[in-house]
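Chain IDs A, B, C and D follow the sequence of writing; residue 1 opens each chain.
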Amino acid sequence: MTARIGVVTFPGSLDDRDAQRAVRLAGATPVPLWHGETALRGVDAVILPGGFSYGDYLRGGAIARFAPVMETLIDAAKGGLPVLGICNGFQILCESHLLPGVLTRNAHMRFRRRSQRLRVENSATAFTSHFDPGQEIVIPVKNGEGRYVADEHTLDELEGEGRVVFRYLDGNPSGALRDIAGVTNAAGNVVGLMPHPEHAVEALTGASLDGLGMFTSVIAHLGQTAAAGS
Amino acid sequence: MTGKHEAADVEQVDQELNLDTVEIAAKTPDEVQPYAELGLRDDEYAKIREILGRRPTGSELAMYSIMWSEHCSYKSSKVHLRKFGEKNPTNTRMLAGIGENAGVVAITDELAVTFKVESHNHPSYIEPHQGAATGVGGIVRDILAMGARPIAVMDTLRFGDAEHPDTKRVLPGVVSGISFYGNCLGLPNIGGEVVFDASYQGNPLVNALSVGVLPASRLQNKAASGVGNVVVLLGQKTGKDGIGGVSVLASATFEDDATDNRPSVQVGDPFVEKLLIESCLEMYDAGLVVGIQDLGGAGLTCALSETAAAAELGMYVDLERVPLRDATMEPHEVLASESQERMLLIVNPSKVEDVLAVAEKWGVLATAIGTVTAASPEGGGGRLIINWHGQTVVDCPPGSLADDGPVYHRPIKEPNDRALIAADRAETLPRPSTDAELRETVLKMAATPNLADKTWITEQYDDMVGGNTALSMPDDAGVLRLDGTGAVDPNIGPLGIALSTDGNGRFARLDPYTGAQLAIAEAYRNVAVTGATPIAASDCLNFGSPEDPHVMWQFAQAVEGLADACAQLGVPITGGNVSFYNQTGMTAIHPTPVVAVLGVLDDVRRRVPMGFANDGDVIILLGE
Amino acid sequence: MARVLVDVMLKPEILDPQGEAVANALPRLGVNGITSVRIGKRIELDFEGEADLEQARAVADALLANPVIETFTLRVDEGS
Amino acid sequence: MARVLVDVMLKPEILDPQGEAVANALPRLGVNGITSVRIGKRIELDFEGEADLEQARAVADALLANPVIETFTLRVDEGS
C-alpha cells in the first residue's frame, strides 16, 4: 500500500494538478479532495495547493477558510494529520489559525516570480525530514501576497521553538519579516511555505529537483515504503 | 395604440413609451434615428431598412451598428484577408480555420491544438490594467469555445517612448493587468515582446495570445443547430459594461446630456473565468452542449446572431431572462453589453438540467434565455426574434447581422514618402571606426529600452503554473509539454508544442510586404531552433485608419507578404485579428503585423534551450 | 495634527468582483440578510498642521482614485 | 434597505506599502504638508431590511478583517 495523499481543489485552485503530479512522482497516490465536501476520504496527509482560491479577493485564503472541507481538516490537523500548505495553501492555513501570522501584500506591491534559494531551518517536520539541517535548496517562488507578518512576540516564539522551517537566501522576494519563507505548528505536522516545491520535481520543467524532498519526506514520515523518485 | 395604457401607473407608461417595439417601428416609419451617431452611413442605414422592410427598432439599430462596425464585420479588411485562404498551403492538419473562434490544428490523430492572437489596444489605453486584463480574458474564451483547455498565454506589447509620462501610466497598468488575469487563471505566460517606439505614444498595442489543447473528438462549433434546442447564458451577470456607443439610444432627444450613460469600462474577474473554464470542460466531456460561442466585444448581439446564422436557423429569445447587475437596463443595452466572463450554450432540452447542475457545482450562473427555431420555408435561414417582457423588440434575419455586413474596397495609394525611404539606405549611416566609437555605440545600444532586460515585466508573469513549461523566458520561444502524452512507453517522450510571437513595426513601415514576411520568418525561426517543426501561424494586424489610402496600402501589402510567406514556408494562417484606427489625429502607428507560429516536438525532452550549455562546446554560425 | 478621510468606491455600474466573492461566501457563515457587498478604499491623510481639503482633493484626484472607474468623497476627521 | 459601513485599517505597526508609495509620490505633486498616508478598506454591507449591526460585526470579525494585522470599526450609514 502506498501512501494516499489528498490534494484539495478550491474554486480558483491552480496548482492542484501540479501537486498531484509531485505526489505521484514521489511514489504516493494522489487523492483529489473537493472543497465542498467535508469527507477526507481516508487520506494519510493533505496538501492545500497554490492558486487564487475565490480569486484571492479580500485577503488570500480568507474565504477558502470557510469551505466545508476545512471544518474536518482543521480538526484532523489538530489531531496530527500531516498538512502542507503551499503559497495560497499557506495563506489558508494562517487564516484558519492552524499556523500563526498572516501573508500580506509584497512590500514592492507586485507579483514576483523567480528561482529562490532557501535554507532548510528545521528538518524535523513531517515534510522536511529528507533534508539535512541547514541544507540550501532552490525552489521557485511566485506570488503577490507572500510577505509573512506576525507580531514580534510571535516571531520570537517561532524562532525560539525552531518553527521557522524555511528562510529566504540571496534576497527576500516579498519583504517577509525575518526572511521567513515557511513555518510549522508546534507539533511539526502542519507546514506552510510560500515557494512552490511542486514546481521543482522534474528536470524538464523545473529549475531543480529540490522540491521532491518535501513529498518523499512525508511519505517516509507516514512509515510507508513507496519507492521514491520513480 | 390601444387605450389600455391609460389605466397603467405612470412608471409603467414611461417604460412602455420608451420601449421601441417592432410593432411601433412598423407604424412610425418617419421616426428620426441616430444611425450616424452609431457609426452607420446613409447607405448602410438604407440597407437595414430594406432588409427589414421597415425602420429598425432601437434594439435592432444597436445590433446592426455593432455587427456592421469595422471591428465585427471586417468590412475594410475582408477583401484582403481572402488572400490567406487563397494562398494558404493545403494542410490536412487543419480542423478549423479562418472564420472560427480560433484555428484548430491536429497534432496526432487524437489530439489537437488551437491558438490565436487578438488585440485589445484601445481599451488598454483608456484603462490599462482592466483593458489588458480583459484582453487576456477574451482570447482565453475564444480558445475555450473551440472545446480546448487553455494551457498558456503570451503577450506582445508596444508602448510609446519609454521616458514619456504617459508610458509610465500605461506600461505598469498593462503589465499588472496581464499578470493579474493570466496568473489568476493558472495559465503560464510563456513569452512575448515589449517594444518602445514613439509611433505608439497615443496608441499602445496590447496583443494577447492563448493556446489550448483538446481531444480532436471534443472539437466544438458555434452553430445553434437543432430546432427546439435551448439557448443558455453561462457566467457573469450582465451590466452596463462597454455600452458607451449605444447609450445615444437611451436619450429621447439625441442632444440629451448622456453623461450617466458614458462608456463604462469592463472589469475582468479571472476567478469567474476560471470557473467558466472548468464548467465548460466538464460539460463538453459529458456531451452536454450542441454549440457554444464566447461573448466578446459585441456581447449577446454577436453571440445570438452568429450562432443562429451559422446553423441557418432561427432563434427566439426572452431577453428579460438575462440576469442583470443593473435592473434599470434597457433591451438595447442588454444586447450591447460587453460584460466579461460569459458564454452562450446551445443545449438539447433533455440536457438542460445536467448543464444547470454542472454550473451550480462550479458556482457559475446559468440561465435558459431562448430556443432554436426553424428556418423560414422560403429559405435564407430563420428569424432572430427577441422579446422584452412579452413585446417583440427584434425580428430580423440573423445572417443579415452576422454575414451580410457591408464589404468595402477602400481606396489604396502608395505613400508619397516611399521613394525617400527607399533612398535612405542603412548603408549610408556612419559606422564606428575607432575603438572609442565602437565602445560608445555598444553602450548606447545597451542603454536603449528596446534592448534592455525585460525582467521587471516578465517576473510579474507566472510561467510555470500547470507544471508543463519546458521553455519560457528568456528563450525566444515558449515550449510546453502536452500532459498525458507519451506516458505509456518510457522510450517515447511526451509531445510538446513551441510558440513564438514576433513583429517589427519599423521594418513594416519601411516596407510592409517584406516587414510582414520578416515577422513570420522570425517567429518561424524561433520555433524551429527549439527543435520543433512549425505547422501553423496566427496573426494580429495592427494598423491606422482604413479610411486613409496610405494605411490601406500598407495593410494590403502586409497581407500579401504574409500570405506569400505562408505559401513558401508551408504553414497556413489559421486565424487572427485586425485592429484598425490605431492613430492619433492624422498620424498612424507604424504598420504592425504581429505573427505567432506554432510548432510541434515529437519528444519534448529533446527541446533545445538557447543558452550555451557546456564548457568546451563548439560554436557554429549557420547561414550567411 | 489633522486628518482627512478619503473614501474611494467603484462607480455603481462597475463590476466589483471582490464584493461579489465576499457576498457569495456569506451564506456559508450563516449570514443571509445581506444583499450586496461593495469593497472600496478608505484612506487616511495626516496633515502636519491644519487639514487642507483642497490639497487632499488634488491628491485624491491624481493618486488615490482612478476617475475612469472610481469616485471619491472626502471629509475632515473630526475625531482626530 | 439599510447599509452598514465597515472600515478596515491596518494596525499602526504593520507596514502599508501602498500608503507609503502614495506618500512618497506626494512631493512630486507639490504636496508637502501630508505626513502620513494609510490605506485601508471601506466595505458597504447592504441589508435587505433593517441593518443588523450584530451580524455585521460577526462578519467583520470572522471574514472582513484579520485581527493579526487589522482593526475595524462599523456604523450604520445614516445617509442610505
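Some points to look at:
Here is the rule we use: a residue touches a chain if its C-beta (ideal position, glycine included) is under 8 Å from a C-beta of that chain, and two chains touch if they have at least 3 such contacts.
Just so it is clear, the structure is predicted and the values come from calculations on it, not from any experiment.
More contacting C-beta pairs link the chains of A-D than the other of the two pairs A-C and A-D.
Rounded to a whole number, the gap between the C-alpha centres of chain C and chain D is 7 angstrom. Remark: chain B and chain C have CA centroids separated by 34 Å (rounded to whole angstrom). Centroids of chain A and chain D (each the mean of its C-alpha atoms) stand 30 Å apart.
Across the assembly, chain B contributes residues 269, 271-272, 363 that each touch 2 or more other chains.
The multi-chain contact residues of chain C, meaning those touching 2 or more other chains, are 17, 21-22, 25, 29, 39.
Shared interface positions of chain A, defined as residues touching 2 or more other chains, are 54-55, 57-58, 63, 66. Interfaces, counted as pairs of touching chains, are A-B, A-C, A-D, B-C, C-D. Residue ranges on chain D touching chain A, taken from their complex, read 13-15, 17-18, 21, 62-64, 66, 68-69.
In the complex of the two chains, the chain C residues touching chain A come out as 17-18, 21-22, 25, 28-29, 39. Those residues of chain C whose C-beta lies close enough to touch chain D in the complex are 1, 7-9, 19, 22, 25-26, 29, 31, 33-49, 52, 55, 58-59, 62-64.
Considering their complex, residues 54-55, 57-58, 63, 66-68 of chain A touch chain C. For chain B in complex with chain C, the touching residues are 126-127, 130, 236, 239-241, 264-269, 271-272, 325-326, 339-340, 363.
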